[in-house]
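Both complexes shown next keep subunit A, but they swap its partner, so subunit B is in the first and subunit C is in the second.
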Partner chain A sequence: MAGIVRLWKKFPSKYGKAGIIVLVLALAVVMPWITSKYNVRILTLAMAWAIAALSLNLILGYTGQASLAHGALMGIGAYAFGIFAERVGLNFWLALPIACLVTAFIGLLIGLPSLRTKGPYFAIVTLCFNVIVYKVFENWQWLSGGIQGQVVPQPSFLQQRWARYYFVLGCLLLTLIVMHFIVKSLLGLTFMSIRSNENLAEATGINTFRNKLLSFVVSCFFVGLAGSMLAIENGQLDPTITIHLNSFYILIFLLIGGAATLSGPLVGAIGLYWLLDYMKKIGIKGIEEFRYLFFGLILIIVIIYMPRGLVGGLKQLWEWMKSRLKRRKIGEVPE
Partner chain B sequence: MSFFFNQLVIGIQLGSQYVMVALGLTLIFGILDISHFAHGHLYMIGAYLLYIVMVLGGINYWIALIICMAALAVGGVVVERLVYRPLRGQPHINTFIAAIGLILVLETLVRGIQPKALSVPKPIDTTLQFAGINMELQRLFVIIGAVVLIVLLQLFIKRTRLGTAIEAVAQDREGAALVGINVNRISALTFAIATALAAAAAVLMAPLAFVSPEMGSVLILKAFVIVVIGGLGSMKGAIVGGYLLGIIEAMAIAYISSAYKDVFAFAVLIIILAIRPTGLFRGRD
Partner chain C sequence: MTTLLRVEGLTRLFGGLVAVNKVDFDVEEGKIIAIIGPNGAGKSTLFNLIGGTISPSSGKVFFAGNDITGWKPYSIARAGIARTFQTTALFEELPVYVNLVIGHRMRTRSGLWDVILHTPRQKREKNETTAKVLEVLEFTELGEYINAPAGSIPQEAQKRLAIGVALMGNPRLLLLDEPTGGVGMGETDNIIALIDRIRAKGVTVCVIEHKMRMIMSLADRIVALNFGVKIAEGDPQRVCDDPAVIEAYLGECIA
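After this line comes the complex of A and B, so read on.
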């Protein structure tokens, strides 16, 4: 036992991190073989929501602007994919990027007026946009397909459930890699400087409005991708996909998981989505109807006591433990 | 022409409802600096409470009004104490997110217990006719009730010691604490007043519309629109903005489209904020 502890202490945390990533990735790859078909479907949907949470992470976690239009934008991405693939009849590989670009463009249109406002005003304005988009989809039958909804075609190579799983997994990894590079680049630092102190960032010569807009548009591109993934997995769309509650859910996934980390949105979206479905499935009377009540409570408790979320909190705990260990070694803290 | 005046009355009545909710919100948002997004859901709770007290409990409507206002005032104080006070001094967006959590809690709770929309009978079910205008008596109650409450609130803020203390906290929280005002108690009081106002609006409006779990979510957005347009913390702005929005909406429903009736307010807000990001009037900021 002591040997293992010694080995662990010698083990640089860099390799530890890489080890965890490899382990999670391996688990994700073998998942379709070791679990039921139903779970594969739930995981596929959860990963689509994780892409959405990651996209919100860029604008909220790193740039500090709480967008509540992401539910609507996800719906726009889903509908754009459905319309281009089914009604226009475009090739799958053409329809997918076009759907993302359309979402990014709508995001640009929404961002131009709303990003001039700050803090809770921005949240309110984007929420207003979300309600408008939902009302438009609800009332404009031609766009949303009315009660029958919009059919989304599944290309031949995505007919199988496991194929869709790997495809969404691939998109999730792509999103993660892009986010990683954005966050580690100078651009990411620029975003974070806006989050920390917008006036100071402006004073150092950063064009805060343009950078916020860039962050928002990139974020919209990826939430469009998330919407397309949901559309492909479900095969059918109706106007409720644009409802503002979806914005709340993305926000909850992100915040409970941990904003401003790359693993937080993953943990939050996949863990909570699975938990939500589990509560629905076990069929104990009372739990299904009241599951969002627990989520609301968790959100309040997390925001009060753990504002950095689950992953942020764990990180903090880890740093604290490490510093304790170090200090004990030097002998500064004899207790 | 009588159609126009009918719509005008409906607009004023809608505006009365908006003013009562927006006044509470502007008190909380402007004075305590809390973006209390769950205010509309407390309004919804007020309407359900009326159903419990009046329809299930069989108590007279006007006594039920007092009971609901008192109960919701206590509810507002509890919310302030449990959710918002621990978040004081943190970024605005955190209180906003906590409010979203509160919304989920309240809406799921009500929906889980009673998923169907309910209707509350009118206390006096008559229709007045005057110069070509047909008006249900309840609409008149809403309009008069709003005026009475607005006047009472103004008198309370301007003429009493406690009201002046609220103003003092709004102007300078630390300064108010220095001269011996208990800031925590003033926060609780502000929440109690604001939530009681929302309860009054809910009780007056309930007989005119269905009571449903999602009735608060669009209303609170409109109240925010009014507060932003009227200037943060400005009671005069909230009153003018509320009546204006009600009338605009009633006219838009009549002459443009009723399917998009909830969109107009938000479109107005977006246009205004795009031109002036800090709102139309400068409030107490």
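After this line comes the complex of A and C, so read on.
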């Protein structure tokens, strides 16, 4: 018992953090063997959304620019993969990076004009781009395949449900590692300086436009990866994948999970995606759409009481408990 | 003595208002120049024009022989002009040492590929930055706040940190906009001592200030502005005795 208490006190240290990572990773690895096939599929999709939330986190959470074009860019990534793999007939390992690069390139084209604007104007401009992209995909039958959609081939090694699960898990880990390196680097601090005070960053010798563009393009590369993952898991595509509602889903996953943290987007995307699906299942016939009511309620509560998201809120709670414990130890009376 | 900064006929209009009107002056290397004037005289606008935040309607700015008129703020900063702002500008939610690291960023080059490939360049630049941060922390005497968020430290320390961020890029010219503004009389000594140390290092300083006692002891030369026009220039005592300056500060009836 004393041992457990001692361990608990050490909990937030580096050692504790590594422990949590190992535990979550082990759980993720054994998941396909301990849960139903249906849950494996939901988790695979949720992890693809988590990659999208992590990519938005780079441009919104760390660089402070609220992009609402990420839904469209995710759709572009998905379609680019589908078109290159099916119609062009490229090898899977070639089609995947090309899809991400195409998304990054379209991101560059969107970012060049829209990053000239700041704050809410950037959000509005990118939202407009999202609507444009959606309308193009909806009406340009040759590109999108119209309502029939676009078939996405699954390579032989991804025929199994669990194989796709592990593949998406691998991509998610890759995204996390790259984001971790960026955030810890001088480049990451440069992004954060723009979020914190753009005028000061500019006066300190930082080319803020170039850095914002770089952050946006890297973010688009990864949201393209997320789109490709969704395409592979679903096996087919239709124009609704580019809809602006998806931008808001990514945004909500990120904000509820906690922006500017690496675990926040994971918790937000996987938790909420699962919750939304669960609410669909328990819905009584006829009032299924009420789940959005609950969803909205959760959103309002989290944003009012935990402005830094679930992960940020938990961190705050932990700091508060620690300071309380410390005060009690010193002998002060806690108010 | 060489001229480091030369301002020639600098003018800026805001609509019909002439905020800065045909101002000329030179800043010699290694000196401390003070810019004084009543509120609304155009002092901060002058700094914004030199720093590139706003572009002049007419006139030119030369720095170390180059025409820097119309350059972007980041290019001017890289050329060697660092500045602080009147309302203390810091990366408030980031720790003090991160503020300093960002100040040195323009002297490092590692980008996305260095991050992904973990190049030796990135490692070397991180070490360089760390060394510079420790140096500036000691120079500005901010060691005790190293891990605190910049917005949470005392006002006077924030002023010193803003100067520290400006010093991180090894500037040749430092523009200080009211370095003791909003700081109590008893606390200004730290900042004055810091400006003295900066001069001793050979950095040229151009300072906007209201506290005349401080100016008189610190400045080598004073430029006085009123309604955007230069009304006097010269060594401190002469400018202080100038009737035009006294009139600008105290009004006609007393002068």
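Convention: the second predicted complex is superposed on the first by the 315 of 335 C-alpha atoms of A that agree within 3 Å, B and C clash if a C-alpha of one lies under 4 Å from a C-alpha of the other, contacts with A are read in each partner's own complex, and residues count from 1 in each chain.
The definition used in the following text is that a contact is a pair of C-beta atoms (placed from the backbone, for glycine too) under 8 Å apart; a residue touches a chain by one contact, two chains touch by 3 or more.
No experiment lies behind these values; they were computed from the predicted model shown.
After superposition onto subunit A, the modelled positions of subunit B and subunit C are compatible, with room for both. In the overlay built on the shared chain, the residue A:Leu25 is in contact with neither subunit B nor subunit C.
Contacts of A:Leu173 after superposition on the shared chain: neither subunit B nor subunit C is touched. Judged by the touch definition given at the top, the superposed model places A:Leu109 against neither subunit B nor subunit C. More residues of subunit A are in touch with B than with the other of subunit B and subunit C. Applying the stated contact rule after C-alpha superposition, one finds that A:Val131 touches subunit B and leaves subunit C untouched. Remark: in the superposition on chain A the angle formed at subunit A by the CA centres of subunit B and subunit C amounts to 80 degrees, rounded in steps of 10. Closest approach of subunit B to subunit C, taken over C-alpha atoms in the A-based superposition, is 12 Å. The residues of subunit C lying in touch with subunit A in their complex are 51, 53, 72-74, 77-78, 82-83, 85, 89-94, 98, 101-103, 105-108, 110-112, 114-116, 118, 122, 125-126, 129, 165-166, 168-169. Interface residues of subunit A, counted against subunit B in their complex, comprise 64, 66, 112-114, 116-121, 123-125, 127-129, 131-132, 135-136, 139, 244, 248, 251-252, 255, 286, 289-293, 295-300, 303-304, 307. Note for the complex: subunit A touches subunit C at residues 178, 181-182, 185-190, 192-193, 196-197, 199-208, 214, 218. Note for the complex: subunit B touches subunit A at residues 35, 83, 86-87, 90-94, 96-98, 100-109, 111-112, 115, 217-218, 221, 224-225, 228, 259-260, 262-263, 266-267, 269-270, 273-274, 277.
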